[in-house]
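What follows is a set of structures to go through.
Paired with chain B in one complex and with chain C in the other, chain A is shared by the two complexes that follow.
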Partner chain A sequence: MAQVTLDTIRKSFGDTHILHGISCAIRDGEFIVVVGPSGCGKSTLLRIVAGLETATSGSITIGDRDVTKLEPKDRDIAMVFQNYALYPHMSVADNMAYGLKNRGMPKAEIDIRVKQAADILQLGPYLARKPKQLSGGQRQRVAMGRAIVREPKLFLFDEPLSNLDAKLRVQMRVEIKKLQQRLGVTALYVTHDQVEAMTMADRLIVLKDGQAEQIGAPLELYARPETIFVAGFIGSPAMNLLPGEITEGGAVRLTCGPTLELIEPIPNSAGRKVLLGVRPEHLSVRPGGTFALTVDLVEALGADTLVYATLADGTAFTARLDGAQVVARGDNLALSPTQALHVFDAETGKRVN
Partner chain B sequence: MTPASSAKAPFQNKLLPLMLLLPQLLITLVFFYWPSVQAVQQSLYIEDPFGLSSEFAGLANFTALFKDARYVDAFLRSLFFSAAVAGISLSLSLLLAVCADRVVRGATAYKTLLLLPYAIAPALAGITWMFVVHPSIGIVGRAFIAMGIEWNYLLNGNQAMGLVIFAAAWKQISYNFIFFLAGLQSIPQSLMEAAAIDGAGPAKRFRDIVFPLLSPTAFFLLVVNIVYAFFETFGVIHAVTSGGPSKSTEILVYKVYSDGVVGLDIGGSAAQSVILMVIVIALTFVQFRYVERKVHY
Partner chain C sequence: MVENRPLATFFAHLVLIIGVVIVTFPILFTLLASTYDSSDVASGKVGLLPGGMGLENYWLALTAGARTTAQNPAAQMLLNSAIMAVTIAVGKIIISLLSAYAVVYFRFPGRMLCFWAIFLTLMLPVEVRILPTYKVIADLRMLDSYAGLTIPLIASATATLLFRQFFMTVPPELVEAAKIDGAGPLKFFRDILLPLSVTNIAALFVILFIYGWNQYLWPLLITTSGDMDTVVIGMKKMIGGDDAQTDWGIVMATTVLAMLPPIAVIVIMQRWFVKGLVDQEK
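Presenting the complex of A and B:
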C-alpha cells in the first residue's frame, strides 16, 4: 500500500513521441484506470511504471522511494498481463510461489500465502494443475493470485479482461474490484473499454495521443468532460456533437437550424465556432421540441429505447428514451434537451461553458 | 471408417489418391524397403569371397560380431563420437540461438550466415576443415605446429577423432540453431517480463523459464543429432580420415562400408547394417513416443 506519483513522464522513440508528459498523484489504495483508444500510449505508460521500459524523462515514486531507475523486481509491484503470462511448465501453486521463492522466503510461509490466495480466489482444487488444464477465467484468477501473494505496494493491470468472453468479463470485473477494495492495494489498470473504466475506477485518466485529456472521477468526467474527445469517449451511446456558433446573446445557433439558450450564457464570444454536446439520454419527447428528427432505426432494449435518427440537414443524431416507446422507422420526432448542454470550441476541442 | 470421417474425405474414389501417392511409395519401396529386406536376408547368409555361392548361417553373423573385439570397439567409439557431436553441436547452437534472439539490428544477416553451413554436404564440410587444419598446408594446422604442438591427425588417432567430431558438429550447428531459435521466439515476451517482475535475473530466467520450455525442442534435436552422428557422418569420415589412422575414427556406419565394400564380408556387413537399422528404429520410436507428448505450449 502506497501512494504513487507520476511526474511528467515522457517517452519517445527517436522522433516518435509516445507520451508527452503524464503527471498524476495516486492516493494510497486508489484504483486508477488509464483508458484510451489503441495506440494512445496507455500500455507504454503502464510498462514504464512497471520498469519494463524506461521513460525518456520524468520520475516515478512508489511510497517514499524514487523507483525511476530501479529494476522491475526492486519496485515492489505486481503485474497482471493481458495474456496472463503464466509459466506453462509450472503448476498453479508453483506459478504463484515463484516470485516468493526468488525473494528467498521460507517455504512454510510461501505455502501459507499461496493457500490464502487460493482460498480468496477459489483456486484450492486446482493448485496441482498446469495452466493449460484451466479455463480462461481460472487462468485469469491464477494471474491475480500470482500478483496478490507478493503483497506488493502497487498492482498493475494490462487489459486483463480482454481475452475473456463478455459474461466472464463482467464477472471478473466485479471480482477484481472487490479484491482490490478488500486488500486496499493501490492499483493502476489499463483498458480500452470505457464501461470497464467507468465501473472500476476511483479516478480515470483519459489518454489520447500520449496526452492526458482529463483526470477525474468517472461521474465527473461524464458530467463535465473537458474536451470533445472525452465527451465522445465516455458514455454509451456517444454524445451527439452538433456544429454551430455563439450568438450576440451568448446562446448557441446550430448550423442545422435551431438556437439553444444556455443556463449560463457565454459572454463576449459572438461568432465563435463551437460544437454543442447533447447526451442521448438527456433528451425527451416534447411536441414542438428543439430537435426535429426523422427516425432511421429503433433498438428497443426494454428498459430504454435507442433511436438513431437524422436532423433536417442530414446530421446523424442518437437518442436514448426511457422505457418502451412506440417509435418506428420513418416517424417524425421532436426532442428537447433535459439537462445542461456541453459547449466545446470547434478548433481547440476544449470546453467553453 | 465412420460416416463422419468419410464425409470429410476430399476424394470421391480411391484411385486418384493412390495414383498421387504412387511415386513416393515407389521410391520408398525401391530405395528403402527392398535394400532393407535384402540386408536382413544377407545378414543370415555367409557368402564365399568370390560371391559365387552363399549358405544359410542363421544368426552366426550376429554372434560373430559381438565376439569380435574390433566391432565392440567400433560400437563404443560410435557412442563416444555421437555423444560428442550431439553435445558440442547442441550446446554451441543453443548459445548462438540465444545470442541471435537478442540481436535486433542486422538479425537477418546473422541468421542467414549461421544457416549457410547446412547447405554444405558433409563430405565437403570435412574437406573444408581438412584444408584448414592440415599439418602442412592448413593455416590452423601450421599455427599449431608453430606453437610447438605435435599436430598431425594423419598419425595421431585422438587428433583425428577430434577433427571429425569438430567437422561433423560444425555442420549440424545450423540445423539445431534454426530449431532453437524458433523455440526461443515462440516463448512469449510477457513470460520473461512476468519472471523479471517476479525477481528473476537473466540467468535465473533462462534456467527456470527458457530452458524448461525449450526442453521438448532440445530432446527432439538430441535424437536427430544422434541419428545424424551415427549415420550421416559417413561422408565426413570417408573424406577426412577414411576411418584411420589405424581404425581410430572407424564408427559403425564406416565399418559397414569397409567390411562390406572393401573387405567383401557381405554377410557380416549386412548384419551390422541390420543392427544399425534397429538402433534407428528404436531412436525414432523414443522420439515419437516421448517428444510429441512432452510439448508444453
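Presenting the complex of A and C:
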C-alpha cells in the first residue's frame, strides 16, 4: 500500500511521441482508471509504470522509493494482463506461487498465501488444475490470485476484462472493485471501455494522443468535462456537440438556428466560435422547445428510450427520454435542455464556461 | 461423411494391404534370414518359417561379428552408434534451443546477421563441406574419436529455425509476467520456455536420433579403426565380394539389431509426444 507519483512521463520512439508528459499523484489505496481510445498510449503508460518499458524522461515513485530505474521485479508491483498470461504448463497453485518461489519465500508461507488467495477468489477446488481446464472467468481469477498473493504495493491491470463475455465482464468488474477495496491496495487500471472506467474508478485519467485531457472523479468528469474530447468520451450515448457562436449578450447562437441563454453568460467574447454540448439525457419534451427535430430511429430500452434524430439543418442529434414517452420514427419533437450546458471553444477544444 | 459402398471399401483395403506387404516383406525376409545358416541364405533356402540358427546367429553377431569378413562384434558397433546418435541429437537440441532463445529474446548487435548466417548454412549439406570439415577434424587430431564423429554434425540450422518459430508463437505477455514474477532470463528459459518446448524437443529428438544413427558418409571418412565403427559402417564392411565370403546369417542378425534402437526411440518418444500435445496450450 502506497501512494504513487508519476512525474511528467514522456515516451518517444524516435520521432514518434507516444506520451507527452503525464503527471499524476495517486493516493494510497486509490483506484485510478486510465481510459482512452486505442492508440492513445494508455497501455504504454501502464507498461512504463510496470517497468516493462523505460520512459524517455520523467520519474515514477512508488511509496517512498524512486523506481524509475528499477527492474519490474524490484518495484513491488503485480500486473494482470489482458490475456491473463498464465503459465500453461503449471497448475493454478503453481501459477500463483511462482513469483513467491522466485523471491525465496519459505514453502510453508507460500502455501498459506496461495490458500488465502484461493479462498478469497473461490479457486479452492481448482488449485490442482491447469489453466486450460478453466473457464475464462476462472482464468481471470487465477491471474488476480497471482497478483494478490504477492501483496504488492501497486496493482496494474491491462484491460483485464476485454476477453470476457458481457455478463461476466459486469460480474468481474464488481469483483475486482470489491477486492481492491477490501485489500486497500493502490491500483492503476487501463481500459478503453468508458462504462468500466466510470463504474470502477475513484479517479479517471482520460488520455488522448499521449496527453492527459483531464484527471478527476468520474462524476466530476461527467458534470464538467474540460475538453471536447472528454465531453464526447464520457457518457453514453455521447454528448451532442453543436457548432455556434457567442452573442453580444454572452449567449450561444447555434448555426442550426436557436439561441440559448446560459446561466452564467460568457462576457466579452462576441463572435467567438464555440461548440455547445448537450447531454442526451438532459433533454425533455416541451412544446415549443429549443430543438425542433425529426426522429430517425428509436431504441426503446424499457427504462429509457434513445431517440436518434436530425435537426432542421440536418445535424444529427441524440436524446435519451423517459421510457414512458411514446415516440415513433418520423415524429416531430421539440426538446429543451434541462441542465447546465457545456460550452467549448471550437478551436482549442477547451471549456469556456 | 457416411459411406457404405462395400466395393470401394474392399478396394481401399486391397490397396492398403498390398502396400503393407510391399513395405514389410524386406523386413520380414531379414528377420527370417537372420535365423538361417549363411549357406542356406546364399542358396535361397529361406522359408516362411524361422530356421534353427536364430540364437546362435544373434549371439555370434553380438559378440564376434561375421566370421569371414571384418570381425567386429555388433555390441561394440551398436554402442558406437548409440553414443553418436544420442550425442548428436542431444547436442543439436541444446545448441539450437540456446541459439534460438538468443535470437528471439535478446537484442544484441548483429542479431539478424547471426540469424541469417545460421539460416544460410541450411543450404550447405554435409557432403558439400565434408572435405574442409575433414581437414579441420584431422588437424585437431579428432580422427577415430567420438568427438570427431559427433561435433561437426551438432551445429544445426533446422532445429534452430524450428525452435525460433516455436518461441515466436509464445505470447510475449508470458515473458513479461515472468519478469514481474522475478524470473531472470535463465529462470524464464528453464521454468517456462523449456517445459513448453517438450513436444518439440521430443519430436526433434526422434528425428535427430535417426539422422545420427543413419549417418554413413561422415563416419566412413572419420573412422579407420574397427572399434570406432558404427553399426551402419560395420554392416557394409561385413558384406564381402561374393556370397561365399559373406556370412549372411550374421549380417541379417546385425541388420535386425541395428533396426531395433530407432524403433525403440520412436515407440518411447511417441508417448511423450502425445503427452506433450495433450498438455500444451499456449
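The working rule: the second predicted complex is superposed on the first by the 353 of 353 C-alpha atoms of A that agree within 3 Å, B and C clash if a C-alpha of one lies under 4 Å from a C-alpha of the other, contacts with A are read in each partner's own complex, and residues count from 1 in each chain.
The criterion applied here is as follows: a contact is a pair of C-beta atoms (placed from the backbone, for glycine too) under 8 Å apart; a residue touches a chain by one contact, two chains touch by 3 or more.
Everything quoted here is computed from the prediction, not taken from an experiment.
Annotation for the three-chain superposition on chain A: chain B and chain C clash.
Of the two partner chains, chain B and chain C are each touched by A:Met79. When the two structures are aligned on the shared chain, A:Tyr222 is found in touch with neither chain B nor chain C. Once the two complexes are laid over each other on the shared chain, residue contacts for A:Ala50 go to chain B and to chain C alike.
Contacts of A:Tyr98 after superposition: both chain B and chain C are touched.
Residues 50-52, 71-73, 77-79, 81-83, 85-89, 98-99, 102-103, 132, 146 of chain A contact both chain B in one complex and chain C in the other.
On the chain C side of its complex with chain A, the touching residues are 171, 173-174, 176-183, 187, 191-192, 195-196, 279-282. Within the complex formed with chain C, the residues of chain A that make contact are 50-52, 71-73, 77-79, 81-83, 85-89, 98-99, 102-103, 130-132, 146. Across the interface of their complex, chain B is touched by residues 50-52, 71-73, 77-79, 81-83, 85-89, 98-99, 102-103, 132, 146 of chain A. The touching residues of chain B, when paired with chain A in their complex, are 188, 190-191, 193-201, 204, 208-209, 212-213, 296-297.
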